[in-house]
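Have a look at this one before I ask anything.
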Amino acid sequence: MPGILTRGIILEQYKEPALNRPVREFFSSSYPGMLFESSLPREAEELGPEDIIRLAELAGIVDERDGEPLYRKLRQAAEQKVQIIVADAIDDEPYVSSQLGPMLKCSEEAAEGLRLAVKAAGAQKPYFAVYKNITDLMNKIPRTLEGITVKRIRGRYPAEFRTTDDFERGTSLAVLGVCSLIHLCRAVRDHRIQSTCFVTVAGNCVANPMNLEASAGMTVAQLLERCGLADDPGRVIVGGPMTGVACRDTEATVISAGTRAVLAFREDTKDRRYQCIGCGKCVECCPENLTPFYINKYIEKGRMEMLDFYEIDRCISCGTCSYVCPAKLDIADNIKAAKAARRKNTTGGLGDAR
Amino acid sequence: MASERTAAAGGLLKRCKQALAENPVLLGGLALAPVVMVATTVKNAVALMIVMACTLVPVMLLEAVLAKYLSMVPDFARMALCAVFAAAMLMPARLAVAPLAQNIFDSLGMYFALTGVSALMFLHSPGREPEGPRFAVTDAVCGTLGFALAVFLTGAVREALSLGTFWGVPLGFSVKFPAMAMPFAGFFTAAFWAAAWNSLSRLIGRMGGGREVE
Amino acid sequence: MTSFLLVAAVAVFLENALFARALDISVLLPALHSRRTIWIYGLAVTLSSSAAGGVAWGLHSLLQGGGWYASYGQPFLFLTAQAFLYAVVCAGLRAYKKELYRAIRVPLTISFFNCAALGSMFLAVYKAGSFWGAVGTGAGVGVGFLLACALVRVAEGRLAICNVPRAFQGLPVRLMYIGLLALATYGLIGHQLPV
Amino acid sequence: MQDKELKAPHIRMRESARSAMLDVVIALLPLYFMAAYFYGMRAVALGAVSAASAVAADMLCVLVSGRLPNLRDLSALVTGLLLPLMLPASIPYYVVITAAVFAIAVVKHPFGGVGQNIFNPAAGGFAFISVCWPSLVFSYPQPMFPLPIAGELTARLAESPAHALMLGAVPTIDTLDLVLGRFAGPMGVTNILVLGTCFIYLLFRKVISWQAPVAFLAAAAATAYFSPRIPASRWESVVFELLSGTLVFAGVFLLGDPVTSPKRGLSRFLYGALAGGATMLFRYCGGFEQAAAFALLLVNSFTLLIDHEAERLFRIVRRGILGFRAYRRSRRIVKKV
């Protein structure tokens, strides 16, 4: 599907300052650089597919895309005989470049990790995938990286879930996060346990936005201190600006392998009390072609029986509807809460019934 | 004996209050057709009140009497009897209305007779249970009062706005809205009065079910 | 037959019994209860008012004349005829289809004794030029009522997601809605005030 | 530090309800400029009176319903500014005030106020006054003769070409004058070029969508083409029907009104086409020469129905029957923390 026909929104990306700087290491004082014991060889050529999966398991690598252990995904891919492995560096949310940055700066490790994953899954072709709509970059993303083609995912904001559309129809593929592949490379070469994660620290309150490779378990406050705060932030977000969660206590919140970004924003505290004017923008831009306008109305009125008709379960929680809402309503959050409530009601039944 | 009587009177009062607070016309939607269509002047409104009083009270009384003493007759037959009786009561109603104005029957049109048939609708108002002739009279009087209120308020507002008069007496408005005499304006006026009545009855309810009926 | 269709179409669209004459406003509220009740009431009203139209035409042509008949006798005769018809229908149903009678007793009563049925008798006499025209008027009143019910039913769905002020909830906002639709149909009717 | 719950997404688009309404106001200003050029400052005075009374009525209604008036809510201002443009410049002030107050107090607020109204307030107000005072609303002064702001109006009033069309006659106005609005007609809606510019501005600002207005005009034009009611060529019929009255204005500003129109592109298209057909039906058979407002009120009641049926269709599309691969995706974004 050509990108121009997709629905969604065009976002300004603001990735530049963080992406331009090198990925800095920021380890806690107790960083042990943990290694695991294994008798497997350290050369990629001598390892069989099962060995690589075993190493990934030993290193405890977690895919930052969905929090799944990497070895499980690799094993699944091997069982399903996927043809293509895609290293996902699609940072489609603004400010966040914690996949793109490491991919560009540690490209050698990323490519090696990708090749290892291809071998482990028995696939034929590796690809990198990046988001095409990043227009404000100073240096271009190369077409190939270490001999591996870089695929551009076109279209508007929620692009990550559309990854499969840009590949030929009928091919089976597995999508793995770039950072986990870098960790896979390190696990094979150095037998190193994954104890760090790549995090973007940015936002309009941050003095020096950058990508950090930080030890897991550090607090959000430490990361923000490392990059410097230019202003007292009104809201600190763990995750991307579209889907992340606001963090109440920066001292108590720690980062983990799934953390992609820590953002600090000034808060506009003006209470505007806008009311929905029924403009239909949320309907126009919903990437899943739903009708958030009516869904939100029915949720507000408590008429949950109508939500089935409007297929609320197809919502991917991308936050697009809330973003475009001129009345600044929390549509996405309402839908998420309603979905959670529905799931609670139907547990024991079919589970996540589609 | 005395306490029994006061209890009955209290029941009657309560029923009365309930009937007025839940105005069957403004909140229940009964007999709205004449209100919307021909309650365009106060004179018409009074005429409609008379017709309603002439039909509703006797019909309800008759229904209660029939239910008490002729309960072996099937209820559809009793209903038909009530209808014929209501139709008959339209004749004295006509005599009573005629002195109001020369052209009163022209302006009422067929809604003169329709008011009579609207009275039959009161017999089927939801939640109403016939409990003997005495309560029937109370019900009928309260229903008539409710109808009178609705039709008078609507008629007064529409006459003042469309003709600038009250009972034919000019009020001295410089701007008149001829469209207020049309049926759609009747819907609006009735709706606004219904809304006002709605909030009024809720206000009364919130004041702790006070003594006052209105 | 053409006069039947023409008169019925006029009664359905141009002079809809609800929007232009508010005839069946009282039946509307019980009818709006559910989709099923709309059909029951709609059919009952259509049947009763078509029959009423025919009966009215018959009575009118039998008892031509003005004076006492026009002013006093007509409403009495019409209502009596309606009561007779009602009694016959009920007795027949009770005798042969007891379950059906029990199920539709209340809708039947309401649809026989309301403004729509009697009103279509008067309209049949005033407007229609023939027997079939009179029946057509009655049928048009009934079908127009069904149509209006459908329109207001759509509005119910819309009103359910409006923040209607507390005072206007229920009957008032429906009246506003019907009033605005009546105003809209004025674009079709034109300036004149209907009888 | 944080006293209220902060919900995702944490960045929001700059456009707000206020800016959308402000865009409509900006788009209306050129029309007022044209009206002032044709009819003098009385046009502007009418606009100011109407806007003021609409805003005042809105405030009052909000206060009565027990809320605090929101100064950022410009929708009443838009309604107030829309109304006089459809009326002749000679209209008395009380008519305009009536229309504005009716629009706000009867059409808008009983249904819940901003964003909740089922019917378009401006269309309702216009319909009410044209039923109330048809002779005042449908007789127009000649352009280029400025009218006094206050006092007795001595200008000669004429019928608009739409009236000639209603009688089945061909208006004697040449097409250029028709396009430029140099004929006796509603004060702000006759200059099609300015209207078109406003439409493009609003489209560009994404305040209104193109589907409803385009479908509306197309349906009206098709009706005029295939069944002309005047003894002229088919194309002349189309030109006269489209340009002689408030049709284009209603298409852009009344049908484009986001509150009362359906929400999906497809259903907006259907809605526009329905409104166009209804308008022409009302024009051909009805009693008023400007029927768009009445037709719009009627079609407004179908909004939810249209959207509901469109949703039914999209449920099928989402299941992938039409073969779009994009709709057959099974994965979704997993929450990234």
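Observations on the structure shown:
The first chain written gets the first letter, and so on, giving A, B, C and D; residue counts start at 1 in each chain.
The rule we apply is simple: contacts are C-beta pairs under 8 Å (C-beta built on N, C-alpha and C of every residue); 3 or more make two chains touch, one makes a residue touch a chain.
Since the model is a prediction, treat every value here as computed from it, not as a measurement.
Here B-D and A-D were compared by C-beta pairs in contact; the pair with more is A-D.
A summary of chain positions shows that the Cα centroid lying nearest the centre of all protein Cα atoms is that of chain D.
In this assembly, the chain whose C-alpha centre lies farthest from subunit D is A. Rounded to whole angstrom, the centroid-to-centroid distance between subunit B and subunit D, based on C-alpha atoms, equals 41 Å. If you average the CA atoms of subunit A and of subunit B, the two centres end up 68 Å from each other. Centre-to-centre separation of subunit A and subunit D, using mean CA positions: 44 Å. Subunit C and subunit D have Cα centroids separated by 35 Å. Listed for subunit D are residues 106, 110, 113, 116, 128, 131, each touching two or more other chains. Residue numbers of subunit C whose C-beta contacts span two or more other chains: 165, 168, 172-173, 176, 180, 183, 186. Shared interface positions of subunit A, i.e. residues touching 2 or more other chains, are given as 294.
Pairwise, the chains that touch each other are A-C, A-D, B-C, B-D, C-D. Residues of subunit A touching subunit D in their complex: 1, 6, 9, 11, 64-67, 94, 158, 160-162, 164-165, 169, 234-235, 237-246, 248, 256, 258-260, 263, 265, 267, 272-281, 283-284, 288-289, 291, 293-294, 309-311, 314, 316-319, 322-328, 330, 332-333.
Those residues of subunit C whose C-beta lies close enough to touch subunit D in the complex are 151, 154-155, 157-159, 162-165, 168, 172-173, 176-177, 180-181, 183-192.
Those residues of subunit D that touch subunit A in the complex are listed here as 1-2, 5-13, 15-21, 68, 70, 72-73, 75, 113-116, 206-207, 209, 258-265, 268, 307, 311, 314-315, 317-318, 324-327, 329, 331-337.
On subunit D, the positions that touch subunit C within their shared complex are 65, 106-107, 109-113, 116, 118-119, 124, 127-128, 131, 134, 281-282, 285-288, 291, 293-295, 297-298, 301-305, 308. If you check the complex, the residues on subunit B that touch subunit C are 26-34, 36-37, 74, 76-77, 79-81, 83-84, 86-88, 90-91, 94, 105, 109-110, 112-114, 116-118, 120-121, 124, 126, 181-188, 190-192, 194-196, 198-199, 202.
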